[in-house]
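Consider the two complexes below, in which subunit A is the common component and subunit B and subunit C are the respective partners.
And then the complex of A and B:
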């Protein structure tokens, strides 16, 4: 019976160490770019939350839509009021999975190319996305970089005819987050 | 035996608890409350004639061209007033997100005006809950018409008028905003001695959004009794805001032809009646230019 108790403890401890393999940030940098010949629009959010679980390869992002900063105040107002409706849909989230997460080794510095896929929720609409990403480990910290494109129309965001030449149909999204071990 | 059977149960509970946590990784970080400022209570920094509670954003120049035409009641001969226009053009600039300064020039009484607006409270939710936005507006105006009686002794100070206004407002929901504007207009010189130099009034302004880019605006300015000459009316204006990217078009009907506080608060003579002899069509066009770009990278 003692053996069993010890065994159970060992198991519990191993679960604990699994949860210690989680990494996080609250200052992830998410930016997007809409390029047309008439107007270049970009927004940056440097306070995005992200958690990565290396034991399962699960990856989650959440960001406040109102936290995106623009060069022009009017762009920021229109982004929130007319397109993203941030009062109704305050958050954008991604919940997904790194496909080949077992290749990542936090104990060794280096770069790993991975594939990430999952559900991206913007403007209350959830769509499957997948992208290539680069995971860079340096001294126990994990840097996650990815760039992918989405279609604005997929997320129920309406671009009126009047400004259709100023706003790109396909918007590039860039992720740059440095994750630290979650204790 | 009893103890023996408890342990695996306990173990399973612990394991299942730790698995339940895995479902939502982000909850591990906890919710951090942020201050969520309410934006865009009005499309621009004017309701119609009245200043709205909005200020011009930092580093942004808002160029305005405003017209108020002759009375609608003039009918087709005058194309419903379009043949005669009062014009004000002006520049508003956001020194910061809460301080706006502006200058303008009206053809009516060849008046130059300037103002400073300080938004000292911003409506917000979240970490800081503030039900209202509030701003203080101070304006001055200089009439530069030739003296009516050049022969008598005229003082420069007689050309001046000042306005102090408090703007208290709230965006109740996405489409409805309401503000109150207690106002005091001071004119250094008035025509007759039954008129007060200091005129007190209460303005009400509202915005109802019809769609993302179109809204109905209305404003009414109530003059407290026994301050102004007979024939001076409370100013009532209704109109439409249409937003198209960098422009806001405000089209409206008003019984005032003046576009500055001293005029539309204390000197409105038009009457709203079915003859439309005192009602004027008008527009404000606002075009914004970003002079100082915000550093974002």
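And then the complex of A and C:
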């Protein structure tokens, strides 16, 4: 009998440790920047989802295009209607992994520079991307930071000739997410 | 007559410029002053999304949604933050984003609140943006 109890206890413990392998957030901050001498445009989304599997280094992001907030209402309107077509493509996602992954120790505070690569889907178009990122562990939480640039044209987004000086061909995307253990 | 033509052109250019400037700077629609397009409970909204996401998107995206629910969590991100409303489902809630912390300063976890915001869709949770109480 006691073997059974111990067995059940071990099973419970292993389930616990498996579930603790994933860190996630629902309030990840993703921002994008289009800088030209004529106009600076930035949009922020503060309710992005991110899941990191500590066992494998797999990483996933998802964000709602309509959740991006701009200073000017007109920019937000153009972003949604003319460029991202967010009625047709309401989500942007990233599915990838930390390259050459060695397991992150969440019990030790510290900073690690890593490379992340995977598939980025924007405007219904999926492309491979790769970027440097910083993983910071502090008190059991994991901070994931990255900045990278993409070419708007790669994702099938046309910039009309009329505004080509106001909108950058290459936009910067910034990721800032604080991941907590999935309970 | 000839003399006033340049003035008319100048006036047209000025008015045109002013209209363009106002369009460029047009302000966001504030949910606080706007009437809600749809009043719905958190659970009904989630049910609609779980049943058929595309149909729910067609019905709710960009609309001002008014929901009344219990605050499950409060999160501050930068200058703004969000209230998470309970739907009765542990995995999926309604996340209501506010542009400033002041907008929900008096709210505590467990409070019943009525929130208006623009529906931006569903990831794990349904997200309302530019919310007001």
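Keep this in mind: the second predicted complex is superposed on the first by the 164 of 183 C-alpha atoms of A that agree within 3 Å, B and C clash if a C-alpha of one lies under 4 Å from a C-alpha of the other, contacts with A are read in each partner's own complex, and residues count from 1 in each chain.
What we mean here is this: contacts are C-beta pairs under 8 Å (C-beta built on N, C-alpha and C of every residue); 3 or more make two chains touch, one makes a residue touch a chain.
Please read all numbers here as calculations on a predicted model, not as lab measurements.
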Requested in this report: Overlay done on subunit A, so just call it for subunit B and subunit C: clash or fit.
Outcome: clash
Query raised in the report: Can A:27 be said to touch subunit B (first), subunit C (second), both, or neither?
Result: second
Requested in this report: Considering only the touch criterion stated at the top, classify A:162 as touching first (subunit B), second (subunit C), both, or neither.
Outcome: first
Requested in this report: Could you look at A:81 and tell me whether it touches subunit B, subunit C, both or neither (first, second, both, neither)?
Outcome: first
Requested in this report: In the overlay, answer first, second, both or neither for which of subunit B and subunit C A:99 touches.
Outcome: neither
Report task. Quick one: classify A:132 as touching subunit B (first), subunit C (second), both or neither. Result -> neither
Query raised in the report: On subunit A, which partner's contacts cover more residues, subunit B's or subunit C's?
Result: B
Query raised in the report: First (subunit B), second (subunit C), both or neither: which does A:49 touch?
Result: both
Query - Partner chain(s) touched by A:60 [first = subunit B, second = subunit C, both, neither] - result: first
Query raised in the report: Now for A:180: first (subunit B), second (subunit C), both, or neither, which partner does it touch?
Result: neither
Requested in this report: Could you tell me if A:69 is touching subunit B, subunit C, both of them or neither one (first, second, both, neither)?
Outcome: both
**Report entry** Stretch of subunit B, among 60-68, 78-86, 150-158 or 204-212, that runs into subunit C once the two complexes are superposed
**Finding:** 60-68
Report summary line: Contacts of subunit A common to subunit B and subunit C in the A-superposed view 26, 44, 49, 62, 64, 66-67, 69, 72-74, 87, 90
Report summary line: Seen from subunit B, its contact residues with subunit A in the complex are 3-4, 7-8, 10-11, 14-15, 18, 21-22, 24-26, 28-29, 32, 34, 36, 39-40, 57-60, 94, 174, 212-213, 244-246, 288, 290, 293-294, 296-297
Query - subunit B contact footprint on subunit A (complex, rising order) - result: 1, 4-5, 8, 11-12, 15, 19, 22, 24, 26, 42-44, 49, 51-53, 56, 58-60, 62, 64, 66-67, 69-74, 77-78, 80-82, 87-88, 90, 93, 160, 162-163, 166, 182
Query - subunit A partner contacts - residues on subunit C that touch it in the complex - result: 23-29, 57, 61-62, 75, 77-78, 80, 82, 95, 97, 99, 118-125, 127, 129-130
Query raised in the report: Of all residues in subunit A, which touch subunit C in the complex?
Result: 26-27, 29, 44, 46-49, 62-67, 69, 72-74, 76, 86-87, 90-91
